[in-house]
């Protein structure tokens, strides 16, 4: 069993640590707010005082944080991961961050003699708990092979997609289709409904049709009844779409449906729905078809 | 076994007749070009000289034609279906036509004492041959119940979605998501590819991700290698999207991703790709990112 | 002075007749509803019982009707313009109709020995009254030269743009920019306003900037205060945009900003604003940014 | 006459200094590359060794730099403008930068006892040379009144639009309409051309129509013949559109036509046209309608 570190113990990261502990690994964890990690400490996780300490005391260090800025915060500086890395160690970042930053960080890691992988995941907390999380991995093939068995303790499928930073690129590319499929689904349902078909029937037909991706099967029913808690909210989705649109701009790849979907997510914010699951795109569209009494 | 008529013996219609014959029904068929129906005549299908003759000599009459205009042509006039209908007969149109025209035709059918259903299908020739075609049905519930067993000889699932014309509305609503999902998939693949990921790997990741609808699983690989023959070409898809956008306009339902996808299909035409499968949207996008030597 | 006919005496057509009468021409007019033409009869206009009668009794026959269907109605049939045309006459249609239909009608006119021009105008009732209406003309150059002096009695500028049907194509092409400029202006104003700038100041800056087209100068102030009566309403604008988008599709010219603007006009209809001036696009956008109390 | 500083002596900044010198002011200038300022030194401009030195030795300090990052570079640090400011001085930034950064900088300036205005301009080098540049100003009214006479030596119109940062917000809002109008114009021209109208005639009609903004009058002819040198290139325009789209997202204002125009500019980059004037949007569209021989 391996001696692992894990930085970022939120909804996703925490549950990943739990799976790693269950698989028998030793895990030293760090989180900005320690109290949120109590359930993991109770389950046997050790505590690292700083990201640097975690890196110094373990062989393979994972991180799962909110965004590029958060990754900068835990990796750099006197207490950062980089300061704790030494030759032979592997740093595996699972966050969705700017591919350019991920690549730059991999170069800094390499200077310490350690190696880095980017390993973002496709799927939600639910997918993770069901043990069905797909992991994309960027970095050197031999480094991937060393980490692979541990990744398979997190999810059943780990695909090597290319060099450093390319797994986050792939993740971003997947997520743009998530957002667009959701809006297109909303267009389909609303058009059917306004033509006189019951919304539930429209959802049923669509979730059994050629467009019924796992996303549509999971989130399709949300247009009938939104979930109490967002699985992935508008603000988070726009973070990913901004990365996609920025990368598209830099690489010269136009993303027309992504861009227009992003604007409807912006409208969701304007309507005060930024913390709702991004399935709220249907509601945005619905309000655009609403008559006023005044 | 039933005494059936079938008007329109093209790629889809012909294969449906074949399944009905195989199920033991008597089928009288009509097609504008008789020669294309020889294989069905060889298989035991009877020939009707006109749509009217087919309607006059059978109990349940199906039609599967190209568009609204073609349905007008076979239903109206001295030799049309309407002229052959009498009380008790049922006319089942499986074409994708204007919902308003379908509704109007149902009213004309009712005046003859017969009844009409609209019963468009979701899926391609391949889906049909695999016996997996889903059928949506609009019209009166009791009429649907009478025809249901025969529809199940064509495909395994027949869903009653509402009154006359509403099944074509539903079909149109499904198809808009088909087109948009395909373009979004193209954006995902191209963004990944330009970030340095092999196109085949990007396709593999996406076809195993949360966006992997049956459409994406079938057509995703087309972005690596286009099919020799279009399953559903750009011109046909635009016919459906025009029906969707027109209906959206009339009902006050904005369809932003549909509209933008439609414009990329228009570009496909401009590029001379109108007869390619609509998966060619990827190629349209790719050409938008292409440097010139000049 | 010329012996002129004029079919279609609505807001635009009626005022044109008035200008022609004022210029000293003899005008025989026809309108579906005769009562609306009383003010012109009072001003000296003669009455024609049918479009055919107007064509039979005059040398140059103008028409200005709502859409393609209305032009079909007045041109064909036993009482239509075509039935009254003879060699040497000229039929000048000023309506905004399908270019393909305009071209087909010109061919039918040519069979009678007469000639046709399409001569749509750019501008509103206001522009017409100010004597500033620009007229685009399609057809043979020598026919244009014969009609030109009379067109100049309607507006100060008549430009020959090409053969039959091409002036309506040009008109449609102009109008798509009208709609898009209006929506872009709305985006500019709303973004400025939400950034804390008073709406009036934003409008003032924009109407004095590089984007200040005549359209923006006229309609810009509408986002502060909508006009009591629409100059050109949402439904009318969508008629023109549909012609543009259909022609784009047929010619393979993608119109991305037109398509997306058209969907916002569709939303206007959904909101019950179809009869408002198309400057209401600002209000559509504004409602997309509105929080709800619930 | 005033004792002025000017930081950033590029195409715009340099010409502004020239106008200020011509008006009789004393100007101390700074530019990263001194050699580019030789013509101004020859014309009587004094040289400041650092931005700090410029600020220390003058009363009103102007800056005109490329982007937010460049403004950060000249304002902060030991040699930055902030280090040279003292009570009573005024810092007038004319760059187009992030409104949030502009606002934050104004707060830092206030801490020194000095005051800041943001004063971006609408117009190109040409407009400036013709003495027709419009200036938008954000900041306190009394500070604006003090600087106004000097601004009027640069351009004929200076409008106070609101508090700190709001003039850059206004500038960004204007620029999005510039980009969208240009693309819509391209759609109009290309649709007309494919309908058979000569491109020159289409441009002439449009530049005399209701959509003929100054932008269209200046840049419209570019679709017939692109300029040798870009007035404002694709990369620069995308910088502004990103500011607009980011601000829209943060304020909840959807910008649909802006977003789609931005993607066509992205395509321009992909085609290797990033350094062309943004009128190249027409060429992007044209290539989307191009058949291949293969």
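Labels for the chains are A, B, C and D, by order of writing; each one numbers its residues from 1.
The definition used in the following text is that contacts are C-beta pairs under 8 Å (C-beta built on N, C-alpha and C of every residue); 3 or more make two chains touch, one makes a residue touch a chain.
Predicted, not measured: the structure shown is a model, and the values here were computed from it.
*Asks:* In the chain contact graph, what is the shortest path length, in steps, from chain A to chain C?
*Replies:* Minimal hop count between chain A and chain C: 1.
*Asks:* Relative to chain C, which chain has the most distant C-alpha mean position?
*Replies:* The chain lying farthest from chain C is A.
*Asks:* Between chain A and chain D, what is the separation of their C-alpha centroids in Å?
*Replies:* So the centre of chain A lies 37 Å away from the centre of chain D.
*Asks:* Between chain B and chain D, tell me the centre distance in angstrom, where each centre is the average of that chain's C-alpha atoms.
*Replies:* 52
*Asks:* For chain C, which residues are shared contacts with two or more other chains?
*Replies:* In chain C, residues 248, 251-256, 260, 264, 267, 270-271, 288-289 touch at least two other chains, as defined above.
*Asks:* Taking touching chains as linked, do they make an open path (line), a single closed cycle (ring), a hub with spokes (star), an all-linked set (complete), or other?
*Replies:* It is complete, because no pair of chains fails to touch.
*Asks:* In the complex, go through chain C and note every residue touching chain A.
*Replies:* Residues 256, 260, 267, 270-272, 284, 287-292.
*Asks:* If you look only at chain A, which of its residues touch chain D in the complex?
*Replies:* Of all residues in chain A, those touching chain D are 238, 242, 245-246, 248-249, 251-256, 259-260, 262-264, 266-267, 269-271, 274.
*Asks:* Using the touch rule from the top, collect the residues of chain D that touch chain C in their complex.
*Replies:* 99, 122-123, 127, 134, 136, 157, 159, 161-163, 165-166, 169-170, 172-174, 176-178, 180-181, 183-185, 187-192, 194-198, 201-202, 204-206, 208-216, 218, 244, 247-248, 251-258, 260-261, 264, 285, 288-289
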